[in-house]
Every structure is written in structure tokens, then in C-alpha cells.
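A, B, C and D label the chains in the order they appear, each numbered from 1.
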């Protein structure tokens, strides 16, 4: 049977069709005022291990009468609160009305929703809490990591709560776990700094991460000496014979911005590469109880290893859990397309990022932009799959941002598309669709 | 940077190079007798979040003198126990000697290992416990599941401990979570029965699961009505227009062994398919802290959806955690190759299986056999990758079992290979390499 | 720009929209009777190197008045013949009327067609000749090949003209060019017997080839000793080191139907394989001026290397040229799925086949059937592409034969699909979608 | 059986192991002087339809004694000429001596070669002719094409003979066959100008084509309005519904170097793209009797559709036939990566190119360079295959040019690789591996 993640991910797009209904009659609790912004956390009532869905809603209470709206479509809510009993009627644009009946407990609404039996909508359990996420002022946090994560997962407790608009100054160890002093603080495999909990982020939102500063903080990087076998033809690999694997150490001249091998073989004794520090990993916690090794990548971002994720770039990631849970790690001093040697110039980094939140408008996958380009990531089990994902992600972005139709989109992509092959050595493949902002400036967005 | 899972998985093949050393001198604890079978659990000492490695070893104590051997290679152990202080010297066939020094605590050896500084072998922390896993008699357990798992993960507490040789009688809900009475007991996405902890199983072993009985226990199955888009050409999909998705319900005539649609469209009013109950999912917990949705598949097995995993088949899975943690679920009454409609004929099943253990000889991936065939699974991000994995898995199996060289293997695979395309709709692709046992009977295994 | 082959192949599906019009006035040629069956060969008039299109049409002449119909849609033709001048009006169901004006030359109509200028239909040049293809009686030809073809191409002169219903008894050399006496008659690379011109075959038809007999005619076969590198994982290939390639010779015991290595290595000294003679190559001439090496495969068939193309099988191939031009060759005494060693058990064969023609109903690709199965071939640059082609080819076959809609098709393919991986070593990949006729017998074809 | 093209292509790398031997005794022809440069054309003697191989050799005649050398390895030739009878002994570095015996006919040596029977080298037929190819002075030809080719094939007679060093001024029609006046001169599908015969080019050489000038010669280009279905995810394509295909016409402002739609939809009314004229097709005749539609691409180049093949670029192509047979066509005024709309901005071009020849050093596939980059093409049935071909082609180039070993190559590719996805809509996929010459300047070529 097809994976639940897919089905559930689809269902995240469905606007929560709940209703809150209170049949209370007593006036002794007329001092309750439910007015304000709320978050609804909703589950199927009789199914033990289902996932929660979330939606934002607003209530206005006038006496015992409730009114409000829910979600981006501003569907109407009506109801009442009497004697501590809350009743809310919710009827979405399409589909049956759902009536929610419950009470206020510890400042949260706890209620049960039911729909007409002929609607086949199962009963649901609702918990709603106050949404205070937009009431903060921007803060700069300095975070000194103590432990590092080798899996992307929602089960990992957050190391810091931050708010949209906040900035974090922190640092990352290299892919093998060593810090700016070459002290090993973690086992290898891209140990991550984080996760950071972004207050107010909900599934269906897009997390925005501005990479304000990515700076080298030591003079060495580690890499490998063999081209990944899957990047060469089978016959060529067969002709080469087994390789002698070993690490290579690079000297990072931070003043000149150049890297060179510390013990270069004869052919490379004058070979230098420009240093362009980048984050190999940037991720949110993946859907549900999934826990992916930090060498993997997917719709949650992860080990994307894209050499344009440098200082000055903004990254967009879909949110799958309240708080999003942001991970960063795997700094590279420089990396060719595809990360062909398996490791780039792996090093520790000083990192400064600022987060923001786009509420209720989930990207179709990771995206990024800098001063020159919009970039839409495509990750898949083959380069063909990754290209399909990237092209679709970009087409949908154009349609969201500029309201282009499919034919207009074809004329733009046919003339302006740039593809990058970001990563080929991490199990999945990563292709990026990239468009020049100078060309996009010629578009005429529809209202 | 390349994923840790890969690197760590490779390192599982490395025989544990530990040594146990006790510098104790007092004789007051001369009553300690360390003779017997042990399991070593070993970690790098100074790296906070590394994974443990495991090895079996045997000790013989004569007075205060210890001798023994470790692992499949029977590497020699020597040492002593004096006054509660344990010292063990271990020198592998290749590499530096490691000396372990420690004590007995609560019946377990707790020690620290060091190697000469010029060996670059980091210090290690050892915990060793008695290995009682081979001392059981075969038992038949009847297990009534209460909860169902939607992720394959080692973090899920086992529901039952069983021993190699034991048999379990249990049942599975269908892919949507409904049982033999069509009562929904779980959210969907292939909820699993288990995990079962197999006593004595260690990373590097192969878990053997004999599917003794897979029986239909209700008269209906659920399926879908649309061919997966990735199984059709892009131009054909583009020409069809959006599909109207809906479920289909099949009647299972258990007496005749035939399935038919309950509300067949005109063209299928007489269409019946033979029922061949199979397990869509059979898995161990994947490596490390990974947690994969039960719709996914990989080296740990999982949602393999192979229509030859029927009653009478034996499945082999590599073990990644102590106890292996076996999951079963996602019964299909019948399924075509590839599971093209996204769902097969999804139903609940009565399941009887028996487990065994092949110690210390990990398969290169999931394998299976029945009376007629050996089957080697290949799972990958594309059908080409899956075929490469399957062919390699089978080639390695032939080399393990018959000691064929690469040229002999080529003559066998070139003349006898059967490939099955098991699964194309679950994110990864699954190809099975299958060889007739009748043909293999002609091979002459080398000693 | 996209390849012409694709576009032109698409355009083959377009019913020829020609019209024949004669403005002749003289009565001296009133003895002309144009009644009967014709074939129209049509080209764009002013474009030098375009390809011809073809259509069958019938005329009835009453006095000087002409009427008739064209193609499968039986579009109406009207016109007249006066004084040697022929005028025909053709108006298709959709689109503009075209008027053809010309004369009879050497029994053929030669005319020029024009359409209203606002139709944007360019002028065309028509040549029409009598269609005598259905007037033959079945004949059995014995054909002794003298030369062998190393390319599939329409430019190769046919070696024999045969008619639908005819049978041909002939033989093929092995892939290296050697015959039943092991005499080398051709350079290697699957030299073919043929091409055979099937009278009356036109582009858009389907050529039917019944493989009546495929018999071994010598006691040896040649194969190779190394598994194709692209069938193994890159890391495994990299670990093996360069291979020592050499041929292997197999003894074919025709009485027992068993093959065994003549100089077996130790592990294979008792290894035997059942002999199942098959044709590795069966092809028509590919579209246009294309000429493909006989190691390649495609929509024209070719080196399909499918081990079910044995005696008793019927093969369907789309026709791209008048006469179809049938090639056969590359006999295998036995072959595993995928032809993993690069060569199967290559041998010469005695071949008897019978041809038939399905007029005007082109298959979407090569197809086959035997007593038990319908088989739809899919050939592509990767196994995923090949699977998409195969599934689509089978879905379209079901829709043609049984008029199933897409949802009915999904229920059939989801429960009954068998996939075979026929070939992985010839540059393109070949997957076959195979359905049991026993299951298909339960379908209810719509009228 | 595997395709002959592959095997034969491999064998092209094998230095021709022929020998020329004359046992003539008469002195009446002592006036013969065989001194000078020759080309050997060699075939297996007894195999009717094998392909010729070629090699250059030099002879020095002193009296009746012959000496000389053959090929890049300068293998020694010895022999004599007596009475019109020529005898030449050739012994390669490895393998048996071959003795060639023959005569001079019409200025060509015609001889038969034999090797010791235990060498298993079959007898061969030799024809050798004087090699005058290096004796020309550079010429500029102006070529007005009259006909256009829709297939790449060696069977097409050359339109012009040119010499290495020569320049050709010519023009190309657009992909649909229209010239600078929008007059249609050919059916569509990338009709080509050529083929040009390069005197002295032999199989195993590399043809060098300097694109000196690529200039727009009209104010319009044609394109398409739909994204190729294979560049989008199957589910997205399925959701879109059938497309309304139509052509789009672009205005080319040659002064400003900008293109814009002539009838833009609302969203694109101000959308302009920079014009970067490029050649979509550049090809030599493919191996053997192969004839590929001009929409295809492969090791012979062809419809590579790479948007960096602009003015100022040098293209390298492997030679498969004497004279190479160069085709050019399919000009694009601009093209995004992948040519996603199926057509780029298709237009006619004025083209000036200069050819050169690298004798005896065949590239592993098409390559190119400009002032900034080396580019190695990879063409395959999937993007993964194409990437493997491109990486291998570049690795081999570095090893040829700089004598880097595999580990040095890994450090360069891992840090400096740029991949371009050139083409995804022409049946095969095209990925280009591109390296900055600035970085390569740091390499230290070994002698």
C-alpha cells in the first residue's frame, strides 16, 4: 500500500473542517471571553494513532454569542458560550457542517466535533489554544551548542525557542563532528546544531531562513580522494579497479579566500579553489514520527549540499510540526556541483541566521532566493525524478507569485531556465531549477 | 557530506576490536567466574552521540587467568581477574592490541579500552553482558495486538519478547487500520503489528522469518481505481486529464479463493482474480535512530509489497539493533506486479510465523526463499538502481552459499535469472532477482 | 528542437486528408474505369524532402461519376473523370475540403491537391496505385539466405516478397555470423535474415508474425563470462577490479533439451539449463531513413531479447514503410532475464514463420501473445521509461480490444499485471507487461 | 546479443595490427618508390559485411628495401618490393607478426595479410592509398546549401570537400526548414546543412570545429507553448489535463539583442529574453551504416541543444568515417536549459566555422571549450546515465591533457565541477560537465 506520509501530506492541504459548539446555558461563567486568536489542534476521535491537524482561527465574543472565522478562506464560525459550555458551528464552503461541543480547561478549549451521519465525516477531538505568536519583538539570540543531532526528527527536544523576526548567532561543527578548534564534539554524519523551535509555526506554513552570515572559523577542511562510483560509467568504474580511499586535508586561507591541499600530489601542487562557505544541511523536522539520518535530504530540506546556499541567501522550507524545528549544519568551505568526492571541503562555521514565517502558504518543496535568482529544489530517487520535482516546484512558484498560466509558464521556463545538479552522492539526487530575477522582472503579475 | 547511515552500516561489518583488561590484584573476589558466553556493547569513549557496536565473545576462567575468543574469526582473548579488577588483552588478526581494564558491576563487565597512541584507535567504553540467547526451547506465542505502528523505528518499545525457534500466532489490520470485523483500530498507512524483540539477535545477524500461515479473516478488501501516474508515460498521463479517485471494494470468496469487485463497472462484471494472501510489509527496525513511515521500504525490508511473500515463504532480514524488532502488516488478498493501483486488495490477515537467527552473517539486503526459488531483493530510487541492488544481492548470495567466482556467477545469472518488478508506487522501487532452486541444484559448492 | 521522428510518428496517426479531383472534359477516355481498391501515396508538394503518407481508398465509377471512401473512417470521396482528367473532392469529417486534379499515367493516378487558402493546408502531390494485396492465396516459401544485414533500415532491398497468409521456412546465423555448420557468413552484431517485403503492408498497419517453429540446428552456442557492469551496483563493480573477458562455449543436447558448458569451471561442472530456443531479434524497418545497428531495439522491435519470444508466439509490430520489411535473427538457445552476460546462448536456428496483416490499426509498440499471455513491450532509455511504455502499451491494448475505461483498466492491471525485465545490456532497456489470458477471459468487452 | 556498434566502437581504439608484405622478385618495377605517407584501409578477408579499419603509416624505400612505422605507437614496418611484388612485415608491440603480400594497382597497395595459424588472427584484405591530407593551405569556402538532411548518416554524399584549416561561410534553415526569408526549403525536424567532407579525417581522429560566427539573419523565431511532460512530475501532469498545443512566434530585436513574444499573453507582455544565438545541431556521421534522425543525439554529437555552443566556442567530435562528414543546423536565437518547451527560439542562422583535425586521438565523446571553460558532453537514456558519461568524459580529458591520476582528478572534480543540463526533450538526455579554465590553470601537467 502506498505510504501514509504521502497521503497525510496531501491531507495537510485540506483546510480543517471543524466546528466548535457549546450548549452550555448557565451564566455563571459569562466572565469567560473567548475573543482573540486561536490555534486548533484536531484529531480523529476514535483512531488511536492518527496525526493532528492544525488551523488558525479567530473568535469574537459578544455576550454569550460567538462569531469568527477559520483559516485562509475565512470560513465563518458561529456559536455560543453558556455556563462554561461552548458550542461552535462550522460550515466550510464545501461539505457538511460540523458542530463542536466542549468546555474551557486551563485556558484551552477542549471539545468534540460531530457531523451528520450521512456526511461520513468521523467524530473529532479538538484542543484549541491561544495564538500569541505574532506579539513578539525581534530579538538576537546567541546560542552555544552543547549537543549535536545525527537525525532530523520531531522527537528531538528543541534547544531554543525563537520567534519570527528573531536572529540567531551560533556555530556548527563539521561533518565529522569537529569544531573550530578541531575538537571532536560528536560522532560524524553531519551532526546538526538545533533544533530551534519557531514560535507560532504550524504545519502548512513556510519557514523563512535568511542566511545572514556564514563565516569560516578555522584554517582547515577535510575531504575525500575518490570520485563517487555512481557518477562514473559502470564500464569506466569496472576498468579502474578498487580505489585506495583516504581523507585529504585542505588549508583554508581566509584572507585570500583560497583553499589548497596541505599535502598536494604532484599534479595539484599549485591547485587552489576559491572559498565560498555554504551550509550543506538546513532542515525542518520531517512529517510525523519520521526520523531521517542527517545524511539524507527530502521535502524537509536536509543534506541538500547546494553550493549556492551561501551567505545572503534566503531559504524557504515547508513546516510539518508546530515550531517547525530548524536544524543547521554541515558547513562546506567550497563544493563543486554534485559533491563528487563524497565530501566537500568539510569545515566548521560561524552562522548567523534570521527566521520569518509565511503563514498558511506551504511551498511545494524547499526553495531559495538571493539577489540574482529564484531557486526551486527538486529531490528524488533519480536525477530524472529530481528534475521533475524541481521544474514542478518552480512552475508552481511562478503560478503562486505571478499567477502565470501553464502556457505563460512554458514560455518563461523554455527561455530562462537554469538547472543546477546540486548533489548526487547522498542516496537521493538534488536538482535545482533557477531563474534570473532580472528576467522575472519582465513578468506582469496578475492581481 | 555523505550520509552517516551508509558509513555506519559499512562499519557494522568490522569485527569489534576490543580488549578487556583488568589490573586488579586482590584475591578476595576470586569467586568470580567469568566463564561463559558474553555480548560486548562498545562505544567510542569520548564522542557523545556515537552508535554502539556489538560482538559475541566467550571466556574461560582458570583460577585468575582468562582466555577466550571473539567474533566469527575467533580472535584470541587473554587476561586475568584479580581482586575484582578485570584485565583483557585483545589483538585482532590485523591492527593494534587493545587493552581493556574494568570491573564487574551487577553481573556485567564495565571497562575502558585503550590502544597504543600511534594506532590512532580512540579509547572505548565497554559494557558486556551474559549471552543466554541460545538456551531456550521453542515456544508458540499467541499475540493479540492492541496498538499498531505507523513507523519502523527502534525507539518503539517491543510488544513481545520471543526467542529464535519460537512461533507467533497473531493478526494484522489492513492498510487503512481495520481489522477482521472491519473495525478501524488505527489510522492508515500500513499500521503494523509488533515490534517483536528476538532475544539474542545482534547487529550483523540475519533474522529468519518463516511465514507459516497467512490466512484471510474477512470477506472484503479495499483497493483504488486509478493507475499510478509514474507507471504510465508522461504524454499518456497528460492526455488523460485529471482522474476521479475513489476506493473500490472487493468481495473475497474464501472458499473458492477468488476475488471480485462488489460494485463492478460494466466491463468487469465477471472479472475475478485468484486470491494469494501475502504480507505487504515485513521489517526490522532500521539503523540507528531512523524512523521510516510504514509506507517506505529499504534494506530493513518494510513495505516491500512483493506478491511472492506468501504462506510458505521464508524471509531473511539484516539485523540493525539488539532484538531486531520485527514488524508485520499490510496484508494483501491479491496483488499484481508493481501494485499499480497504489493499493492492492488490502485486507486483514491471520498470521503465523516462526523466527530463527543466523548469527554473524549479515545478508546484503532482504532475501527470501520458498520451495522453488531463491529471491534477492533490490530496493532503490529508480528501477535501474533497484535492479543493480537485486543483481548484486543475488551475486553475493551465490558467492556466500556456493563460493562461485564472478565468472561462474555470470554463467548462472546469464542463463537462469528471473526478475520481478515488485513495487513501483511507494517512493522507492523494488526489483527482485529470483533463481530456480532446480537449476541451482546443479551447482557444485566449493568447500 | 524535438526530434522529427517523434513528430512524424505522431502524424502517422492522422488520417490522410487528401482529395482526388479531375477536371478532364474529353470523352475519349471514357473507357477508363477507376473502380476498385487503391493506395494513395501523398507528399507535401513544395517541400523537397518530406516523407510520404499512405491511405487505402476505394472508388466506384458510374459513367464519368466517381464516388468512394477513404481510410478506416470511410470518409466520402466524390468526383468525376472526363477526357482523361480526374477530379476528386475529399472532405474529411473535420477540416477543409481538398480537391485533387490529375490524370491516369501507367495505371496510376497522378494528381495535385489544393485546399482553400484559409485552411493553411499546403498543396500536395498524390500518386495512387491499385491495391492488389488481398488477392493472394497462402504460399509457403523456402528461403536460403545469402547475405545478412547488420542494420535495420528501409534502404536495404528486400530479399523476398511475401503476402499476408504466407509462410517462410528459413534459417538464421548466430549473433557472431556463424551458421549451423559453424561457418562464419557475416561479421557479428546480430546479422539478420531478410528483409522480407510483405505485399500490401502500409504505414499504420500492424504486421503479425506467427513464430511457427524455432529449432536448434547445431550442438553449440557461444556466450560470455562477465555480468554487464550496468546490472551491478557501482560500489560492487568498483570493488571487483577489471574483469578477464572471454567467450564461453555451451554444448546443446538437443535430445534432452539441456545446455551445459563445454569446459565448465569447477563450480559449474554439473550445471545445466533447459533449452528454450527464442529469437533475439525480430524487426520491421524503422521510420524514415533511419538505420539502426542490429544491436538496438525500439518501437520497430529489433534486438528485443525477450526470452518468451519462443516457438508458438505471435509478434505484432507497427509498420513504418510499404512492405514493412521484416528482419529476423539472433537466435538464443536459452537466455535468462536481462541477458546479463551480454550474450545469451547464441546459436543458429531453423525458423518457420507465417505473416499476417492487421490493416489500419497500428499498435502503440511491439506486442505479442501466446496461448497463455498477452504481452506488451516497453522500450526506453531507463527501466523506468521502459516500464511506463510497457504499461501504457498494455493499457491501450486493453482499451482497443475490450473498450475498458481507465478505471476498469486500473482494476485489471492492479490485480493481474506481470512485468518481465527482458533486456538490460543493449543500450536501451526492455520491460514487458504481461497479462494472463485466463484472467482476461473474465472481461466483458463493450461493443 | 549486445549491439555491434558498441563492440566495434571499442575496437576502433585498437591499433590496426596489419602488415604489408611483398614477395615480388622482378626488377622491372624498381622505379616504384613507395616512400611517403599512406592510409591503410583494412577488412577481414573472408567476412562479407564487416567494417573497415584505418591507420596511417609511413614508408621509406631504399632500393628494394622498405622500412617504416604505423600508427601513434610508431610500430616498425619492414619489407621489400621486387618486380612489382610488395611484402611487408608488421609486428606490433604485442601480438603476432602479420605478413602482407600484394601489388601496386593504380597507385594503391592491394594486399592480403596472414598471421600464424596459432594466433587466431583471421586473414585480412588491405587497400592503402597515399595520404595527401596535410598538404593544403587554408581556404575560405562560401557554401550555399541547396538541400537539407533530415538524418545523420555516412550514406549521404558530401556537399563539399574541405581541408583541415579551412573556413566555411554558410547558413542554416530553422528546425522547421525555413530560411532567412521564412521560405520553407525542407520538411522539419532539424534539417541540416552539409555534410562536409574533411579531407584526411579518419576514424579515431577528433574533428575540431571552431564556431567563428553565429549570426541571426531574420527577425523572427518559432517556439512552442507547453512544457515537455517528462520534465514535470507525473502527478502534476495528471492534474493539469490535456494541453492546447500551439506555436508561438518571437520577435528578434537584433540591435538590442532581445527577443519578445509577438502576441504575448497578458502575463508576458513585457517579457524579454537576451538573444544568444547557438547551434542546436552539430554532428559527424555516426558509426557504420547507422542513420539517425536529426532530432537525435549521441557520441557523434547531433541534436545536443546546448546553449553554450555559441559563437566563439570550439567543438570536438570523434570521427567514425573517412572525411568525418560534418553536419550543422537547428539554430536557436535563445534557449533555456533543457529546451523545456520542446522547441527553443528556432530560427535560421548565418554560420561561419573553421575545421581542424586532431589525428589519432579520439575523444571519449563530444567536447567543447571557449575562453572560460572546458566542457565534456554526456548523452544517455536517463539523466543519471548522461551524468555518468559526462563525468567520465571529463575525467578522461583531464587524464589525457594533464596526466592527472584518479585521486588528483577527484580533488579537481570535487571542488570545481559545474554541471549543465543541456537537453531533456529529445529522447536522450544531455548533461555537460564544465570546468573553469581559471581553476585548471593551477594544474601541473605531468610530462
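Assume a contact is a pair of C-beta atoms (placed from the backbone, for glycine too) under 8 Å apart; a residue touches a chain by one contact, two chains touch by 3 or more.
Because the structure is a prediction, the values reported are computed rather than measured.
Common neighbours of subunit A and subunit C (chains touching each): B, D.
Comparing chain pairs B-D and B-C by the number of C-beta pairs in contact, the larger count belongs to B-C. For this pair, subunit C with subunit D, the centres built from the Cα atoms lie 31 Å apart. Centroid to centroid, with C-alpha atoms defining each point, subunit B and subunit C lie 47 Å apart. Computed centre separation for the pair subunit B/subunit D is 51 angstrom, with centres defined by C-alpha atoms. Annotation for subunit B: residues 230, 232, 234, 240, 243, 339, 343-344, 382, 384-385, 429 touch two or more other chains.
Subunit A contributes residues 228-230, 232, 234-235, 237-243, 382, 384 to its touches with subunit C in the complex.
Residues 223-227, 230-234, 236, 240, 243-244, 248, 259, 261, 265-273, 334-345, 382-385, 387-389, 391-392, 395-396, 402-421, 424, 429, 431, 439, 442-446 of subunit A touch subunit D in their complex.
Across the complex, subunit C is touched by residues 1-8, 44, 46-51, 147-151, 153, 155, 175, 177, 184-191, 280, 287-296, 303, 305, 330, 339, 342-344, 346, 380-382, 384-385, 425-429 of subunit D.
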